[in-house]
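Below, subunit A partners subunit B and then partners subunit C, in two separate complexes.
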Partner chain A sequence: MNTVEFWASRFLEMLGGLGVSLQLTVGALVMGIPLGLLLALGLLGKSKIVYYLCLALVEVGRGAPALVVLYVVYYGLPILSLRPEAMVCAYIGLTYTTAAYTSEYIRGGLKAVSPGSIEAAHALAMPQLDVLRFVLIPQGLRVAIPSLMGFAIQIFQATSLTYSITVREVTAISYSIGSNTFRYLEIFALAGILYAVITIPATWLTNKVEARLALRH
Partner chain B sequence: MEERKRYSGKVDIGLKSPKYLVELAKVDKHFGSNHVLKGVSLRVKPGEVCSIIGPSGAGKSTLLRCVNLLESPDSGNMVVAGQYVDLARPLDKRSLLQLRRNVGMVFQSFNLFPHLSVLENISLPQRRVLGRSAEDAKAKSLELLERVGLADKAESFPSKISGGQQQRVAIARALALEPKAMLFDEPTSALDPELAQEVLGVMKEVAASGMTMLVVTHEMNFARNVGNHLVVMENGSIIEEGDPEQIMTEPKLERTKQFLSAVINH
Partner chain C sequence: MSGFLAVLAAVPITLLVTIGAFAVGIVLALGLTFMRRSKQPWLRFPAQAFVDLARGIPPIVWLLFLYFGLGMGVIKLSPLQAGVLGLGVVSAGYLAEIFRGGLLAVHKGQYEAGEALGLSAWTRYSKIIAPQAFKAMLPALATYFIGLVKDSSIASVIGVKEMVFTANQYARRSDDGIYTFFLAAAIYIAVSIPFAVVARRMETKLQESAK
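== the complex of A and B ==
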């Protein structure tokens, strides 16, 4: 069996693993970015208690490697007599990492919003929550979009770490195929190609969006 | 607590037919150690166009921004459209929003919402603040755009129109909430003379419609021809006040004369 035949014979299995990786990525982003937004608002808000709480969550989340976060969740939750599945632990760990990192991008975006439009919203008698919802957040997120897209690519790659807590994503599947067939190099080369098929167009898209957003202002 | 409740919100202070729409009494304000407003009192009648002039740093903009509490004064009292405010106390949120609902504001730097179209800029506050339906808000917005001569720009984004056009949209946005008074904070200072004229034209029309206006400006022609109340400020105080024509032809103070000759010859 040459390499191409070998790849073909394992392709569906690998594709299933890629599906798990993508699922984890989407889950981490869908849950993590709103949390990142909340952390960013907490960091910009007036309450000192909320500020320090958010700061601690962000600094720990960014300071600890994603792998360590995954291990802490995986080995930590059972101490609280919870026995979540590996997938659930992976979602929790990756979501936390996503929230911590994206909060910084979003905070940067919110701080870039011109104070004039916020002041105008206040002068127009808009309540504080409306000012956040309709004026500050949409403008701030728009600024943060390119960095968030860049981060999405990174967290997609970071899903490979969940292999260490037994999630059957594409890296884990590659490893088990490798250990059954001893064709490690070939199967990891295929894994690399599969990651690149997602990340390279995603990078192009990010650049395009960045250029388009830059044009509008 | 009880005391605070009594003074916040709409309070009948016994004015049967309110003579003044905006009344400021002994407004005091510091920025750090800088005493920017030194017990300023000002009364503006309904329908009056009050121009506030004076050298930069005189406290004109700060005074204007106190009227809708974008700045919080240290002390003083104020009655705006029948609402009494004790400036030494923090105002509760509801009363603050009520105050701002009665007072529109136009800024030097326009301050449109850059992520919304011209139409959405005017419609959003109507929907959120007045609770108008999308259709009603849109109809009102289009009517106001027509009035400021920008009906064809409804779908444009602020960054795609000129500064003069942005400022006219900002005026329409404020008028859409049907305020009882309008504050203009150097509305033409960021514009070249030609664009300034189109904004002044709209302001003149707004004045003619009977709107009470407080205008911080360096446009002496506007202050003289459209305004009917002139306030000269310097160093945190009002130094001269009265009929614009009279002050401009025969200022009482040497300082006023000096300032006027500087801006008019400019």
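== the complex of A and C ==
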């Protein structure tokens, strides 16, 4: 069997794994970004207690490697007498990492909103919650979009780390195919291609969006 | 307790992987940078492809590819060699982007002035461009290095006996092995927090000077 035939024979299995990787990416982003927004608001708010609590959560999440976060969840939850599936641990770990990193991008975006538009909203006697909802958050998030897209590419790559806590995503599947057939070189090359086919165009798209938003400002 | 000591004893390996990969990355990235700035498309395109693949494929896949993939063939790599080389390849991609940004930050007039004075290309780059570019990219280099300390943990998957590998051995063996991971996490955080503090201070200063 030559390389192309070998790849073809394993392609569906690999695509299934890639599906799991994408599912983890989407899950981490959908749960992590709103949490990141909350952390960012906590960091910009007036309460000192909330500020330090959020700061600790962010610095621990950004300071510890994503792999260590995953292991802590994976080995830590059983101590609390919980026995979740590996996939649940992966969602929890990646969501926390996402929240910690995106909070910094969102905070940067929120800080970029001109004080004038917030003062204007206050002058119109808008309630504080409405100022957040209609003025601060929409404008701030728009500024953060390119960094958030860049992060989405990073967290997609980081889903490969869940291989080490036994999640059956594409890297884990490549490894098990490799150890069954001893064709490691070819199967990891295919895994690399599958990742690159997603990340490289996504990077182009991010650069395009960044350039367009930069033009507008 | 023995787990804690073992994790501490693995700190030098973490540093070795990080510094080794950074050194490999810098050397490769310098070559890539010159290739990407070349007028020859046959130099430019492969360099660009290398950068895109280095950045677009997860480090863990690079490591498995080098260790198991190439290791099955002619080149036998030890886990440490594969770890340093693989993370070095990934670093090369990111560092090449940082170098590109640094060179772009140097004003065009500086290049032109060097040429107008009839300086050789070597003198122009080493005496005029590189020192200015280096200053511009220092924050990005420092950030990348700290990121690499954390990414060196990925070398644990191919059996490099650094902090996370060691913590994992203990976690598998005992019920309270989680605590060795807390220690590992604390060490990584201790390394990255001073940088985070400096970055926050600089941000505040920049804002104040902008006002």
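We take it that the second predicted complex is superposed on the first by the 217 of 217 C-alpha atoms of A that agree within 3 Å, B and C clash if a C-alpha of one lies under 4 Å from a C-alpha of the other, contacts with A are read in each partner's own complex, and residues count from 1 in each chain.
Going forward, contacts are C-beta pairs under 8 Å (C-beta built on N, C-alpha and C of every residue); 3 or more make two chains touch, one makes a residue touch a chain.
All of these numbers come straight from a predicted model, not from anything done at the bench.
The superposed arrangement places subunit B and subunit C next to each other on subunit A without a clash.
When the two complexes are overlaid, the chain among subunit B and subunit C that reaches more residues of subunit A is C.
Once the two complexes are laid over each other on the shared chain, residue contacts for A:Glu119 go to subunit B alone; subunit C is not touched. Looking at the shared chain after the overlay, A:Pro127 reaches subunit B, while subunit C stays out of its contact range.
Computed from Cα centres after superposition, the angle at subunit A between subunit B and subunit C reads 110 degrees (steps of 10). Judged by the touch definition given at the top, the superposed model places A:Tyr195 against subunit C, while subunit B stays out of reach. Applying the stated contact rule after C-alpha superposition, one finds that A:Val135 touches subunit B and leaves subunit C untouched. Of the two partner chains placed by superposition, A:Leu38 touches none, neither subunit B nor subunit C.
Once the two complexes are laid over each other on the shared chain, residue contacts for A:Leu22 go to neither subunit B nor subunit C.
Contacts of A:Arg62 after superposition on the shared chain: subunit C is touched, whereas subunit B is not. When the two structures are aligned on their common chain, the gap between the nearest CA atoms of subunit B and subunit C comes to 15 Å. Residue overlap on subunit A between the subunit B contacts of one complex and the subunit C contacts of the other is empty. Residues 68, 70, 93, 97-98, 100-101, 103-105, 107, 109-115, 124-125, 128-129, 157, 159, 170, 173-174, 177 of subunit B are the ones touching subunit A in the complex. Residues of subunit A that touch subunit C in their complex: 59-60, 62-69, 71-72, 75-76, 79, 111, 157-158, 160-161, 163-164, 171, 174-175, 178, 182, 184-186, 188-189, 191-192, 195-196, 199-200, 203.
The residues of subunit C lying in touch with subunit A in their complex are 52-53, 55-62, 64-65, 68-73, 150-151, 153-154, 156-157, 164, 167-168, 171, 175-178, 181-182, 184-185, 188-189, 191-193, 196, 207. Contacts from subunit A toward subunit B in the complex involve residues 114, 116-117, 119-128, 130, 134-135, 138-139, 142, 216-217.
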